[in-house]
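One structure, as structure tokens, below. Some questions next.
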Amino acid sequence: MSDRKEKTFWAVVSLSLLTIVWFFASQMESMKTLLPNPVDVFKFLVAGAISPIGQHNIWGHILWSLSRVFVGYTLAAVCGIVIGSAMAWTKVGEAIIKPFYLLLRPIPSIAWIPLAILWFGIDEKSKYFIIFIGTLLIIMTNVYDGVRSVDKNLLGAARMLGAKENQLFFKVVLPSAVPQIFSGLQVGLGAAWATMVAAEMIRSSEGAGWIIIMGQNSVNMVQIYAGIILIGVVGLFLVTAMRFLEAKLCAWNIRGK
Amino acid sequence: MKRLKINKFRVISAVTLCVFVLVWYLVTAVFGLFPKTMLPSPDSVFFSFIKKLTSTVPDGGTLFEHIFASLVVALTGYVIGVGVGLPVGISMAWFRPVDHFVRPVFDFLRTIPGIAWIPIFTVWLGIGLSAKAAIIFVGVFVGTVVNVYSGIKQTNEVHIWVAQIFGASKIEILKRVAIPSALPYIFTGLRVSLGMAWLGLIAAELLAAQKGLGYMIQVARNFGRSDLVIVGMITIGIMGALLTLALEFVERRVVKGI
Amino acid sequence: MKIKKLLMVVMVLIASTAVFANGAKESGAAKVDADGKVIIRVGAMPYYLSVPLQVIMDEKLDNKYGFKLEVINFPSGGPMAEALGAGQWDIGPIGAGGMIAVPTYNAKLIADVEATMDGAWIVARPDSDIVKAGANIKALPEVIGSAETLKGKTILGTIGNISHYMGLDYINQFGLGMKDINFIHMETAQVYTSFLAGNGDVACLGSPSAALKLQKAGYPVVGGLKQQDISQQDAILISDNFYKNNYKDAVNFMKAWYEATDKLNADFEYEVAMSKKFYQANGRTDFTDEGVRQESEFNTYVDSSTAFDKEVGAWMTGLVAFMVENGSMDKEVLEAMKTNVKLDVVKDALK
Amino acid sequence: MFLKIDNINKTFTSEAGNNEVLKNVHFDIKENEFVVIFGPGQCGKSTLLNIIAGLEKESSGNVYLEDKKVTKPGPDRAVVYQNILLFPWLTVMGNVEFGPKSRGIKKSIRQKDAQEYIDLVGLNGFEKSFPVKLSGGMKQRVGIARAYCSKPKVMLMDEPFGALDAQTRYLMQEEVVRISAHEKRTVLFVTNNIEEAIYLADRIIVMTNCPSTIQKEYVIDLPRPRDYTSEEFLRLRQEISSIVEFTR
């Protein structure tokens, strides 16, 4: 417990130090246009928590963004694990999936926006697709590495104990790949949240990404910085929640925190 | 027997690709399930790819000019990102006070995507190469620090104790024990960050552009040229894969011993 | 082993067709709502050109003319045109983004939205030599700058929309071309932020609200659609599918549209109130009272009386011709412009 | 004959050249006999065991178990490894019941069985804990319990106590004697520790260095439990170690 207390303590110290530095920097004449005053930004956030920005207050925006991330992310996690293991475990699966994987991997999710609009229209479906495609490839990579790096001796031990070939995957390979899969889910979640801003560039009238884009449309630097802080805080929350979940589920893992 | 086996799987991959293109062709050109603008047929994509090698319609640049411009932006951001990321990652992992102060800020900034920085970097760095490279820098910096940090943290305690027994100072241990043993992780970091550099390309070119693959896709989109959009995406995919292969080639040459 | 391989290939086949099929365009006639009224999906943007939709909603003109109005909002012309290509909306007012919808997606241009339109301007920096060069073109007194002061300068704009057309027409007035200047492409909002942050010498702004703000911030207007006598006229587009299957409903819509524009042109205060209400409802937080009043002063709608005063679609055709000449679009596109301008819907609506 | 090792040869071929490991190894084992394969260093003993377990392919020769040729791993030959190889994500109970579970034995029966072997190896009360929480000795006990629980005909133990400290090693040797008295099973025990060999074995097969072949066999009929310091034990120890050429 003390480790987590210590971590939050240092987090508070360093983030408040950063805000103080930011405050003095924003007072300097030269930085006037570059940096809004942090007090205004936090005031904007507090105001946004009560009265709506556009149609929702910031909680509404966050919920909207989380709903998009949730759908896109869960789809990507399920498909990522299935396709990733098929690619890693069966030679034929690898031969079929790997060429597409190598080609799609380097393509940033924003590049999919034009096609997403044409295929899935302009509402939530295209946003789900953008987040899905961005996260799928990241999770697939970790699942592939996890399944590939299973300890061959463990397979030998399982065979020796009478496990048949078709049982091996679910009884040995998948469980031993769980830590790697989890780190993939963690990185994937961070990426899904970051991709959500790209998705909200298609057309949105709500969401954390929308706040920034609206801020930019009206060159309201305070709103832009508020949007960024919002995304950073919620993103941090998601990643830590995931790490907490991993500590719970992977208790058996030597790498446990 | 081994040689035959590899070819067999190569064949399957080739067959799958052909089947995919065939399905794509059937669905678009033959059955006409989709209007040309929604999903162009593979042959129209291929012809506009060939045409784009020389013509500058509609964005004022040939495909090679766009590839070159994108490489310049991506690699500048990559070099700076790694150059800053390595020392920060190492010091974060090795010196406790640095970890205490830098890590929380790092974790906070980590989930903020490149695009969100566009308005801020425009104001700070203008609309030239430095601003675009800064967008790439964000992704690369995160990728490098994460991998280098875990690399240094993985250093085996026993090696550290042995060095301490020989009276090595904390800095010497870092130089002669921690960093060498973290080399594989550092290289993973370099590879991951190269991917991140390329992934940040479109966001960087959203800030401002006259040439570049991201720019080409944006303009193609404005003119309803979905065939050019697909050409742009495939080029990004191929270039990204080539970049990673090139780095793996370099890595194999350099990391002989480990 | 053989079956496994076959299975894998079949799986890929199904997966890829499923992905493509999922997005298949919704073709066929428009949907009908509970009490038998046709739902017309109208594309809109939170700007002057779409304010009549607010009137239709408030005055319940859609019920009056036997259809149900569903407004689908877009941030700018580009995504709106794409969405038409993807069959996401049926009819609606659109700006320069429409130039690709008509030739590429075979959409029909049936009417113009504004009689006169201003607000798309080009601004420069107050202390720059461009402004000092003053007006040099007799026919266009409000166009400021000169060939020498503009040569080699950096111009910010969005290639593929109104700002690109306006910007290049502006330098053409001084005999300069794309090669003589440094045209940097970025999205509209980014043009605005970059210029304010001190980048670039000249900014071409397609969106009226951004242009107004820059003018108020002290940046002199050196050109614009009205100033360069290429005054913009947004147009009402109708998707090929809706035109074929729901012609009657399109006529009803235009009846409601003209009743709304008649009311807006008749009462200035009403127009200002309706504009503000429409912008607020669609999430715009950047407009001011004074800005909206100025906007209503500059612009007037084409209403039932002035429907055929000017050649319908003339401005859009001019824009496409410019793009063809500038090498951004292929020649056949001009052909499509001629055949896709249809006046029958408006004729039936105003009978 | 229960287990027949018929003229086994094994050569590992790699880019660095061929490395002959086993040369015409030939011996028979009677049912429920505790045989120790003893030899210096790390050469061939584990490979022989893996061949019998079916995890390695022999270059030539055959292995017959109850006159049936052995080709691939199976539950009739259980292996206890030096590095134990427990399934880290399964609890102690999960590991021990892994064999029967893969063979589809009903939950109630296999868990009763597993509990019996867990008690036999003295790990009662640790059923729910994960391997990462257990000590070396305890993990090895789970390895043994897991092997027994899959009801093998032959127990193959590949230097199981090689990684344990001296005290735990003596303790585990006594445990093995106690368990094999209770659970009559044919055991093939590989070790390079001379005292362990004499303490445990009904019969010791001494193997030469690389490429290893059978050097000599000793039948040990000392009464159990054997005493390391007894004069007969020390004589045997002296004799066997004299014939074995330890690589300098």
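Per-chain numbering from 1; labels A, B, C and D assigned in written order.
Definition applied: a residue touches a chain if its C-beta (ideal position, glycine included) is under 8 Å from a C-beta of that chain, and two chains touch if they have at least 3 such contacts.
Quantities reported herein were computed from a predicted structural model and do not represent experimental measurements.
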item: Chain pair with more C-beta contacts, A-B versus A-C; value: A-B
item: Inter-centroid spacing, subunit C versus subunit A (mean Cα positions, whole Å); value: 35
item: Distance between the centres, which are taken as Cα means, of subunit B and subunit A, whole angstrom; value: 17
item: Rounded Å distance, subunit C centre to subunit D centre (Cα mean); value: 82
item: Subunit A-subunit D separation of Cα centroids, rounded to whole Å; value: 49
item: Of all residues in subunit C, the ones touching two or more other chains; value: 5, 8-9, 12, 20, 23, 82, 85-86, 190, 193, 197
item: Contacts with two or more other chains, residues of subunit B listed in rising order; value: 12, 16, 20, 37-39, 118-119, 123, 206, 221
item: Contacts with 2+ other chains: residues of subunit D; value: none
item: Contact graph of the chains (line, ring, star, complete, other); value: other
item: Residue ranges of subunit A in contact with subunit C within the complex; value: 33, 53-55, 90, 92-93, 96, 114, 117-122, 202-203, 205, 210, 213-214, 216-220
item: Partner subunit A, residues of subunit D touching it in the complex; value: 53-55, 72-75, 77-79, 81, 83, 85, 87-90, 98-99, 102-103, 130-132, 146, 150
item: Contacting residues of subunit C [partner subunit A, same complex]; value: 4-5, 8-9, 12, 19-20, 22-23, 72-75, 79, 82-83, 85-86, 88, 189-190, 192-193, 196-197, 210, 213, 282-283, 285-286
item: Subunit D partner contacts - residues on subunit A that touch it in the complex; value: 151, 153-154, 156-164, 167, 171-172, 175-176, 178, 251-254, 256
item: Subunit C contact footprint on subunit B (complex, rising order); value: 12, 15-16, 19-20, 23-24, 27, 33-35, 37-39, 56-60, 118-119, 122-123, 126-127, 206-210, 215, 218-219, 221-224
